[in-house]
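Labels A, B, C and D are assigned to the chains in the order they are written; within every chain, residues are numbered from 1.
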Amino acid sequence: MTSWTRKLRMGMVGGGQGAFIGAVHRIAAALDGQAELVAGVFSRDWDNTRLTGEQLYLDPARLYRTYQDMAATEAKLPPDRRIDFVSVVTQNNAHFAPAKAFLDAGFHVVCEKPLAFTLQEAEALARIVDRSQLVFALMHNYTGYPLVRHARHLFTSGEMGAVRKVIVEYLQDWLVEPLEKRGSKQASWRTNAAESGIGGAVGDIGTHAFNLVEYVTGDVVTAVCADKSIFLPDRTLDEDINALLRLRGGGKGVLTVSQIATGEENGLRLSVYGSKGAVLWEQENPNDMRVYRHGRPRETLTRGRSEYLAPAAMAATRIPWGHPEGYLEAFANIYSGAIDAIRRHIDGKPMSREEYEFPTVHDGVRGMRFIDKAIESADGGASWVTL
Amino acid sequence: MTSWTRKLRMGMVGGGQGAFIGAVHRIAAALDGQAELVAGVFSRDWDNTRLTGEQLYLDPARLYRTYQDMAATEAKLPPDRRIDFVSVVTQNNAHFAPAKAFLDAGFHVVCEKPLAFTLQEAEALARIVDRSQLVFALMHNYTGYPLVRHARHLFTSGEMGAVRKVIVEYLQDWLVEPLEKRGSKQASWRTNAAESGIGGAVGDIGTHAFNLVEYVTGDVVTAVCADKSIFLPDRTLDEDINALLRLRGGGKGVLTVSQIATGEENGLRLSVYGSKGAVLWEQENPNDMRVYRHGRPRETLTRGRSEYLAPAAMAATRIPWGHPEGYLEAFANIYSGAIDAIRRHIDGKPMSREEYEFPTVHDGVRGMRFIDKAIESADGGASWVTL
Amino acid sequence: MTSWTRKLRMGMVGGGQGAFIGAVHRIAAALDGQAELVAGVFSRDWDNTRLTGEQLYLDPARLYRTYQDMAATEAKLPPDRRIDFVSVVTQNNAHFAPAKAFLDAGFHVVCEKPLAFTLQEAEALARIVDRSQLVFALMHNYTGYPLVRHARHLFTSGEMGAVRKVIVEYLQDWLVEPLEKRGSKQASWRTNAAESGIGGAVGDIGTHAFNLVEYVTGDVVTAVCADKSIFLPDRTLDEDINALLRLRGGGKGVLTVSQIATGEENGLRLSVYGSKGAVLWEQENPNDMRVYRHGRPRETLTRGRSEYLAPAAMAATRIPWGHPEGYLEAFANIYSGAIDAIRRHIDGKPMSREEYEFPTVHDGVRGMRFIDKAIESADGGASWVTL
Amino acid sequence: MTSWTRKLRMGMVGGGQGAFIGAVHRIAAALDGQAELVAGVFSRDWDNTRLTGEQLYLDPARLYRTYQDMAATEAKLPPDRRIDFVSVVTQNNAHFAPAKAFLDAGFHVVCEKPLAFTLQEAEALARIVDRSQLVFALMHNYTGYPLVRHARHLFTSGEMGAVRKVIVEYLQDWLVEPLEKRGSKQASWRTNAAESGIGGAVGDIGTHAFNLVEYVTGDVVTAVCADKSIFLPDRTLDEDINALLRLRGGGKGVLTVSQIATGEENGLRLSVYGSKGAVLWEQENPNDMRVYRHGRPRETLTRGRSEYLAPAAMAATRIPWGHPEGYLEAFANIYSGAIDAIRRHIDGKPMSREEYEFPTVHDGVRGMRFIDKAIESADGGASWVTL
């Protein structure tokens, strides 16, 4: 029987009061009216979970004290009541265990990035997903922007020629002040290796930049040479990283990431230069994208133009050109892809992983490997390390 | 008893297959998880209504053949089932009757712009709303952008001084081709006076531009001198309008609107020059706004900055700076304002109209008057007409 | 005998200490090494002339007390010593008499805009120029930008189709303070009808905007409806003007000009929408120009690209793309055109006026007519006036 | 006796037909009417020199077959006839010998970058200059932009705090095609190690980027780790380089340079993030500069604003804000600084090197060292090399 007669039922782990990304997941998952949050454990603090659930108008019976309880209890509910998938939106050191628990209980998973706390966890998770054949979507939300998908099309189709040069920047400044000493929960866990893992900025936002390079070029980074910096006292994790990249196809690149770049907000910018053309895109102004070709007028492509955009870009667009879409809509595109894949699985016609537009557990392993190798390079005096 | 223990229940008139704006209303109304669509008559075509309802996973019992039936039937449902408000998203000539019907049945209303088919209808509706004390929100969605609200603050607080010069542009090009001859439903009714009223571009988008001027300046346009153009054969409504404006406070302005400005998408741009400073904002890039002061470095304000933005701007923001918001989020801000006002009404503590951040039926009357006077001016050879 | 074995010899009237535009003329005229300033009367104040001449390393024997003396004396010098042309860079009320004197003495003239103090003077000057067959270049320097010349090509060649809509803005803020009360010579004469004529902002910068419209479209403005404003106390000339335009070819337009638009510097911006495409150009960023075509990626043309720019645009460029040119270089292009025409005249092979890329006395008459009619319209309550 | 009663007399070595930069030097040197070209050897080809001299209206007696002849002959002319300084604008392998010859003959020198063919030549030249006490200006023309000078002020004054992160890009695409195989003289010598030296892109434009970093930060690069690329067949010099930088003050940086970045023109862009603020500047749009401070509205500074720009920035500006200046004007600022220094030397009151705003022979040595060390790093597998 088809799943298309109803909304999917969604559960959530994490995302209680004081968190940021949980609310984004809730809006994004529900944006197209295809999923409905029905259950959750929003915090290790039961009061937080109850309050959050109440504000979300959830049935109190579907609020849980632990993810283990939730996975077990939901699995026992009748098929027309239990959740279809769970979103794991906890901090980095609490991705693996709940994700594994829900996969083991037969649930599909949407997971925040970076995939796990360590590369080893990530690889273990990938094995579990592969065995289970369940849908696992990793929230590299920037790949959800329509023009990013068109950029990917321009390179993977060969239209831009061979990739020669990549410049990716991801610059923020929110850690330019010691917010972790002023009670900021966000800053506290992100500057704490026990909760974030070995990567600071490189884990939090460097993985997005890295993923974007591989997503758009369709190529693979094979080596990295990284220099990391810590400027504020008492910090132990990188605040800033500069890296040289080499790609399998012969291209070279620069990746520069910072959370102390004074005045920058969420400056993720990608420029890829191929032998036939180049693409320049900026996350803070995502509704257009520059395309250059040698000796030709520079082009600015705008979102929503079926006259010249690839189907994958058009499918990720909800409203006409000129009516700007933003971060939430891109985020929602990861969900809509995952929800489609889950519906296909429910309906007995699962998609192969190659058909996914959204990042998977294997992209998550790549990201964890990047953190590992970038930090290994930086700690080794910025020498080249194979990825 | 408080309404805050549940989502509000929403009905919809219009917005079936082939429409554009209905889907936007549905996403926007539900974005914050505070309202849920439960009933509707989406089209005069019953099949369209049924199909639309099915795709929205609605209870078939809450789909209706006519708005009259819906208003009457919903009114008889028990208070804990019936809709709290209705959104009227039909074409211009079908705003008045359903809006009146639902108001008469005691329902709050969110209505598309322009408010009505004629100024007379608009004025009648305003009288009904005023008598009823019900909430009536008019969808001038561009006033929902956070930085537009900050711009309004900058002028109404006096920080920018007296308004001297306004330049507002609203430029599109989608009617540069005769789409109404090629089966486009959107183009067909918008170029047909029997469905749109006497205004073409001036009604469809000129009213937004006009409303934005009055919203941001806090001032009132007192006279208009307009020149209208029709370039494509067989068109009878204005495709393009250029107008001079005079404001009550002594400022002057230019308003230029077009749906045949080749290459423009949804180019709503506002510049207001006051005696102390100026504000420049563009809808297609709504996450920043330029503020100029004589002899000082130019400023670019970015959305989400509590350090310097007015509370009204911050309240209209969901996610941090650097994570772009767009059209849907601004649209949703009109809904969130209306939903708050409706909850306050339900809870027996209605807001006064002055507390609304969202446009009301009286802004709708202003807009209809603007259409009337602009067309009167243009038909009189572009002479000055008092508004 | 050819003039190409030497630099042309230039004289100047005006441009002493305290003036702005005279120095610009001197740099621009000499930029290409084709002309050399050798004589001048820089001020009605002889001390100023002597000091200016000394700072310019001029031969004291070629400094004059009056333009009459200069015209008469230079005319008597042997052909291999006397000036070839004179630049008149005085304020508006002192263009006519020296221009006439030098023309009568057989000298070519480069003249600042607006052409004259009154329309009558302008028309008289045009008759003198036409009779004399001498070269007369009017300094509408913005037509000297390479991309403006390409824009003209795009419209006059028909590539952009019929002109439908023009939006031209020229916004400054330097008169937002009463500088004329604080000793500013520039502000003093520009706010004084006895020196500027009946136009304030409309004469000073409105004429540039008007000229740019006619230059780029190749069309003619046939009617204007203008509303003027004066905000500062004791001012009598317009500080700000908003106008509707109608073009002979059926296009419509908006012209908005201000010298009290707080925060604007020299914001001359032109957008022309044709039936096939549109061109958008901004003087403050003159090295690129946007070209739009319906349903196609937006193009940004950059200066210096022979692959796609018209010969007239390439001929006005000195250095390669990516190396920005500016105001002085555009200004110099008017001179280089005039100098070429003067050399051709000297060499006995005069160009016809149609071959000039630079504005002429007849463009100057158009500009004076525009001032007259815009002010007539504004003083008549912003009614339509035929141009 | 003061030199201020006359223009300085300039000679030139290089810059004949087919060259690009020589013409730029001539315009720039003469722009302010303070210097006049009177002598030259424009090419090793005597016909080229004669033709170039004729087109420049030079006295044939001042054209020379060799730089040796020119240096010797000019030195013997009476003081009121002989040149005051010479500009060396030849290709890289022909800077040292003529510069040395003219210095030895007692002439001041303006020299193109990179300073020499090898680091050894550069160091030798520096010793000669230091001994001679003559003025030697190196044409890192990008330091001549007014806003670059203001950026330097912002960092060296401490207003921006300690430098933490530098991102400098210099991207071109003109070598994306094998122009050296199609008769391009420019491409031919720049891709030939025998004429350019060991650096390709890194020498031609990387030295500008490097110099800009040290000029603006007032800091010194102490180590570099560079990865170089060659994509086109038969090329031997780097077309593209990515490098990590470390600064003495603790800052880190990324430098990325390319002449095969498809679609880029002359994209020199600098971002410097300090502990208190950041500066972002782009050469292709040099008339404004962004300044960021944490939690404050972003600022855009515009050229020519004495209200907030440093005196050094104002001194480098010729025309008011809003009237764009460009590449030639910045170039001319190097000349005006050199000419002032030469006048001071002539007048017997030489400036100390610390008073120069323009780059000197010692900046040239730094640049040659950068080429050496970047290539050493790249050839060593992109390892860290001390500078």
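Methods note: a contact is a pair of C-beta atoms (placed from the backbone, for glycine too) under 8 Å apart; a residue touches a chain by one contact, two chains touch by 3 or more.
Please read all numbers here as calculations on a predicted model, not as lab measurements.
Novice: Centre-to-centre on C-alpha atoms, which chain is most distant from chain B?
Specialist: D
Novice: Using the stated contact rule, I'd like to know whether A-C or A-B comes out ahead in C-beta pair count.
Specialist: Counting C-beta pairs in contact, A-B comes out ahead.
Novice: Taking the mean of the CA coordinates per chain, how far is chain A from chain B in Å?
Specialist: It comes to 34 Å between the two C-alpha centres.
Novice: Roughly how far is chain B from chain C, going centre to centre by Cα mean, in whole Å?
Specialist: Spacing between the chain centres: roughly 44 Å.
Novice: Which whole number of Å gives the spacing of the CA centres of chain A and chain C?
Specialist: Each chain reduced to its C-alpha mean, chain A and chain C end up 56 Å apart.
Novice: Would you give the residues of chain B that are in contact with at least 2 other chains, written as numbers and ranges?
Specialist: Those would be 264, 291, 298, 302.
Novice: Going by the touch rule set out above, what shape does the chain contact graph take here: line, ring, star, complete or other?
Specialist: Contact pattern: complete, every chain touching every other.
Novice: Touching chain B in the complex: which residues of chain A?
Specialist: Contact set of chain A toward chain B: 5-7, 20, 23-24, 26-27, 30-33, 56-57, 172, 264-267, 283-287, 302, 318-329.
Novice: Which residues of chain D touch chain A in the complex?
Specialist: Those in contact with chain A are residues 161, 164-165, 167, 169, 171, 173, 176-177, 225, 227, 229, 231, 240, 242-244, 246, 250, 252-254, 256, 258, 260-264, 273-278, 292-294, 298, 381-384.
Novice: Which of the residues in chain A end up touching chain C in this complex?
Specialist: 291, 295-302, 305, 307-308
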